[in-house]
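Below you'll find the structure, written out as structure tokens, and then a few comments.
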Amino acid sequence: MGNFKGHALPGTFFFIMGIWWSSKSILRYIFRKQKRTCYVGSKALFQRIDILEGIVLVSMALTGMAGEQFIPGGPHLTLYDYKEGQWNQLLGWHHCTMYFFFGLLGVAEILCFTIRSLPASLPKLMLANALFVEAFIFYNHTHGREMLDIFVHQLLDLTIFLTGVVTFAEFLMRNNFLLELLRSSLILLQGTWFWQIGFVLYPPSGGPAWDLMDHSNVMFLTICFCWHYALNCIIIGVNYAFITWLVKSRLKRLCPSEVGLLKNGEREQESEEEM
Amino acid sequence: MGNFKGHALPGTFFFIMGIWWSSKSILRYIFRKQKRTCYVGSKALFQRIDILEGIVLVSMALTGMAGEQFIPGGPHLTLYDYKEGQWNQLLGWHHCTMYFFFGLLGVAEILCFTIRSLPASLPKLMLANALFVEAFIFYNHTHGREMLDIFVHQLLDLTIFLTGVVTFAEFLMRNNFLLELLRSSLILLQGTWFWQIGFVLYPPSGGPAWDLMDHSNVMFLTICFCWHYALNCIIIGVNYAFITWLVKSRLKRLCPSEVGLLKNGEREQESEEEM
Amino acid sequence: MGNFKGHALPGTFFFIMGIWWSSKSILRYIFRKQKRTCYVGSKALFQRIDILEGIVLVSMALTGMAGEQFIPGGPHLTLYDYKEGQWNQLLGWHHCTMYFFFGLLGVAEILCFTIRSLPASLPKLMLANALFVEAFIFYNHTHGREMLDIFVHQLLDLTIFLTGVVTFAEFLMRNNFLLELLRSSLILLQGTWFWQIGFVLYPPSGGPAWDLMDHSNVMFLTICFCWHYALNCIIIGVNYAFITWLVKSRLKRLCPSEVGLLKNGEREQESEEEM
Amino acid sequence: MGNFKGHALPGTFFFIMGIWWSSKSILRYIFRKQKRTCYVGSKALFQRIDILEGIVLVSMALTGMAGEQFIPGGPHLTLYDYKEGQWNQLLGWHHCTMYFFFGLLGVAEILCFTIRSLPASLPKLMLANALFVEAFIFYNHTHGREMLDIFVHQLLDLTIFLTGVVTFAEFLMRNNFLLELLRSSLILLQGTWFWQIGFVLYPPSGGPAWDLMDHSNVMFLTICFCWHYALNCIIIGVNYAFITWLVKSRLKRLCPSEVGLLKNGEREQESEEEM
């Protein structure tokens, strides 16, 4: 993990997850709004997608755990080094533990959408669990490092913790579309901030490293963090516009007359509610 | 920012916003109560007002950002000073970032009330976002200053954070009139407290500056903060009384007979509910 | 304030308020359960009681503020001592500010139950406000004192803050009987803890004072705080039993036959709901 | 308490409570789902079980308190040692106080399920109370110990506090099955972590004690804590599967035809809701 690639990899993973989850939420929101029209079995489709997502998560977690254990210099499943009388590669085990909880999330998704009697919000709870565990481990992860190193990891930890809180709120109040988008944007933020940490601590250009004790760097990274968040909000917005346009143009081709009629009907009803 | 005007300006802005938002909430509350009588297209009116509000917010954010960048001695869009090898005017960039998020709020309001398919509580979420970002930046803003300076900014930060929490609660449970008033009063508090900071740190009278290391000043500013809050609660109350009186006297002229009848009918119904 | 009486007085006040509020909640709960029987205008009665409570609160707040200002050695409305160039009696002003917010609560109660168009949960919000302001002021109240002194005030502050949080939760979810009892028990705790502080810091027996730097005293006061809470829970329970018995014996005399019938009917219905 | 047994005993108690509460929640969840079929008086059964649980809790609390007081070297009901002029065995009194609040929970359960007019969520509130009191006492329990000792107790305290928060959330939103399971898993975590503390601080094997000042031990216990949690989540899952299988096989024998029919009917209805 202690290099640029070790931060770019999870960054990319979380960025892709963020895009994926936001797209899924947006699609579900649009379909729910236009339920009465061309509601062609989208429910069964979403279920199959969720199971697939679970399988992908489990396999990624297994790959990640195997990778952490068996890379050259990794712990190779040895927890305690009896020769030297000390723990063996604890940071690697930290990462494995995080992956394991995301694997549990995958298992929960697979079980929840194959066995119907399980409550539907179980995956939300497991996601919140996985995020809280990640935040907890990161909180105890950066002992004895330098100021800027600690600061960027604290911001990462703050992001993860907030994502956990938002996911838990989502678990308590179901089907809140904006909370889902908020969670996706925070997952995106985690992804891009991982990249930022990579750039700060291990500049890939080979240029001069950042001064880890300079306080003006802290001041800059404070706003840089906000810019990341603003960017990710905009990405979510663009994604929303794109998917809406895609669905609308597709649906129009399939059943052009009805959509127009219903849109007006729904509009008035909604504005009634929202006033 | 480092002078009296730099604190009086945002103070005035937030004070006006607080008055404006409280008036809007009160008007909407009164109209909702008297729905069945002279409900003359108030919905369309509110929508147009909201769009206007969004436009005002965006233009103010743009003005603020341009002002921060191009005042004499400002950063002039230069982030890094390569000559001196250091960040350029980071405090100015901090302020720009805050303005940017309030601009995003304006954009969200415009989009949300022109495109109907967007969820109506989006502006609430963006306002909470803007406030949390503001609180986050202020938290990392006052590094290395003196005790009293830090204390007054901590109180400001507390206010902003609480406003963010209340706005988020409002986002989760819609149409809670008292939460809206609470948020308005906290926004007012932020406004008047900005003025207070200006008076404490940069006395405009030219009189002797406050002793920044004296602990009895901290003790005084603690209660001064509470008095500000009490004052703002009273302002909200007076505003409520004024608007109620205004609407009643106007409505009576328009449709005098019906109002009286319905008021009694509603009264009993309400008291049923509230017992 | 800096003597035994100065702590016994607010302690007694909060203890009486706690008993009063718990009794009101319990009465309202019992009446709501037996609505369909002898529901003899209890609503109007409660309203008159609430207005009376508001008047009592306002007059007590005015008395308290006048007392703080005009006791011998008090600030006598002078905020700044220009002769000595320092603030005048800030601790007295602190107490006045707290009283003022409880006075605002009284005003809100009077207004809310005379003017019907005001939302019914306004007093709850003002109570939460008053408690948060009290907690905020106490937090900045004990600067530079000794360990045990700070510790007992921190416990007081924790109690006040928790009461504020519970009151705010009550404001958000109305008519939750157990939350009301929880708030009452915390108010009682605040009352008895004020007495405890008086006994610790200013022993009225004239016996030897507590050692303010001894850590075992902290350990003892930790559990002493819990015992206070346990005691107050039991007081609430006894109060519940007493009021239930009182109402039942009274109601039986008034309309004995109906009560028995309805109790059975309600019982089954309830147990349906709660399963 | 200061030995291995003193930690294994409460650990075993909380582990059994966790298994028991999770089983009860799962059973109730399954019965609620299959209400319309063989709903043979499960309500009355649950009530009797709850009363029994209350009696067990009260007797365990009494035993625990008596044990703490009258073990050789215990305080024997003496709070203050007037000879030596110091508090007598405060740690023992701490434990008694915790037991007392769990006893109060037992009393609340007995009262709540025998007297019908009491609100059904009272035991939830008392459980949250007992947990918060436990967390509060543990927070003031480990003054002046060594780093690792403090760390493992902080993790225990975190667990207890989170359990309290989850229980309070459960109290506010009733009948949320997953929250109940989450609480049970946290109670299990508390149980197994008590064992872990015993193994760390008082190794029963007589082997070499852990180095209480070594930071890599903190790093290891961080992930060890997560593994405990993962294990307990899996235990809950296995328990769910086992109980479901048990109930299904039993129910099939009793009324085989109806179950099959209803399962399909319910499935479709549910998936409607959850989409």
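Letters A, B, C and D mark the chains as written, and numbering starts fresh at 1 in each.
Rule of thumb we're sticking to: a contact is a pair of C-beta atoms (placed from the backbone, for glycine too) under 8 Å apart; a residue touches a chain by one contact, two chains touch by 3 or more.
As the structure is a computational prediction, the values presented were derived from the model and not from experiment.
Undergrad: Which chains does chain C share as contact partners with chain D?
TA: Looking at chain D and chain C together, no chain touches each of them.
Undergrad: More than half overlap in residue numbers between the two sides of the chain A-chain D interface, or less? Answer same or different.
TA: Different, since under half the interface numbering is common to both chains.
Undergrad: Of all chains present, which has the mean Cα position farthest from that of chain B?
TA: Here the answer is chain D, farthest from chain B.
Undergrad: Whole-Å distance, chain B centre to chain D centre, using C-alpha means?
TA: Result: the chain centres lie 45 Å from each other.
Undergrad: On a C-alpha centroid basis, what's the spacing between chain A and chain B, in Å?
TA: About 31 Å, centre to centre.
Undergrad: Going by the touch rule set out above, which residues of chain C reach two or more other chains?
TA: none
Undergrad: Pull out all the chain pairs that touch, please.
TA: Listed in label order, the chain pairs in contact are A-B, A-D, B-C, C-D.
Undergrad: Could you list, by residue number, the parts of chain C that touch chain B in their complex?
TA: Touching chain B: residues 32, 43, 46, 86-87, 90-91, 93-94, 97, 100-101, 104, 116-117, 119-122, 125, 129, 133, 136-137, 140, 143-144, 171-172 of chain C.
Undergrad: Name, in rising order, each residue of chain B that touches chain C in their complex.
TA: 30, 33, 169, 173, 176-178, 182, 215-220, 222-223, 225-227, 229-230, 233, 244, 267, 270-271, 274-275
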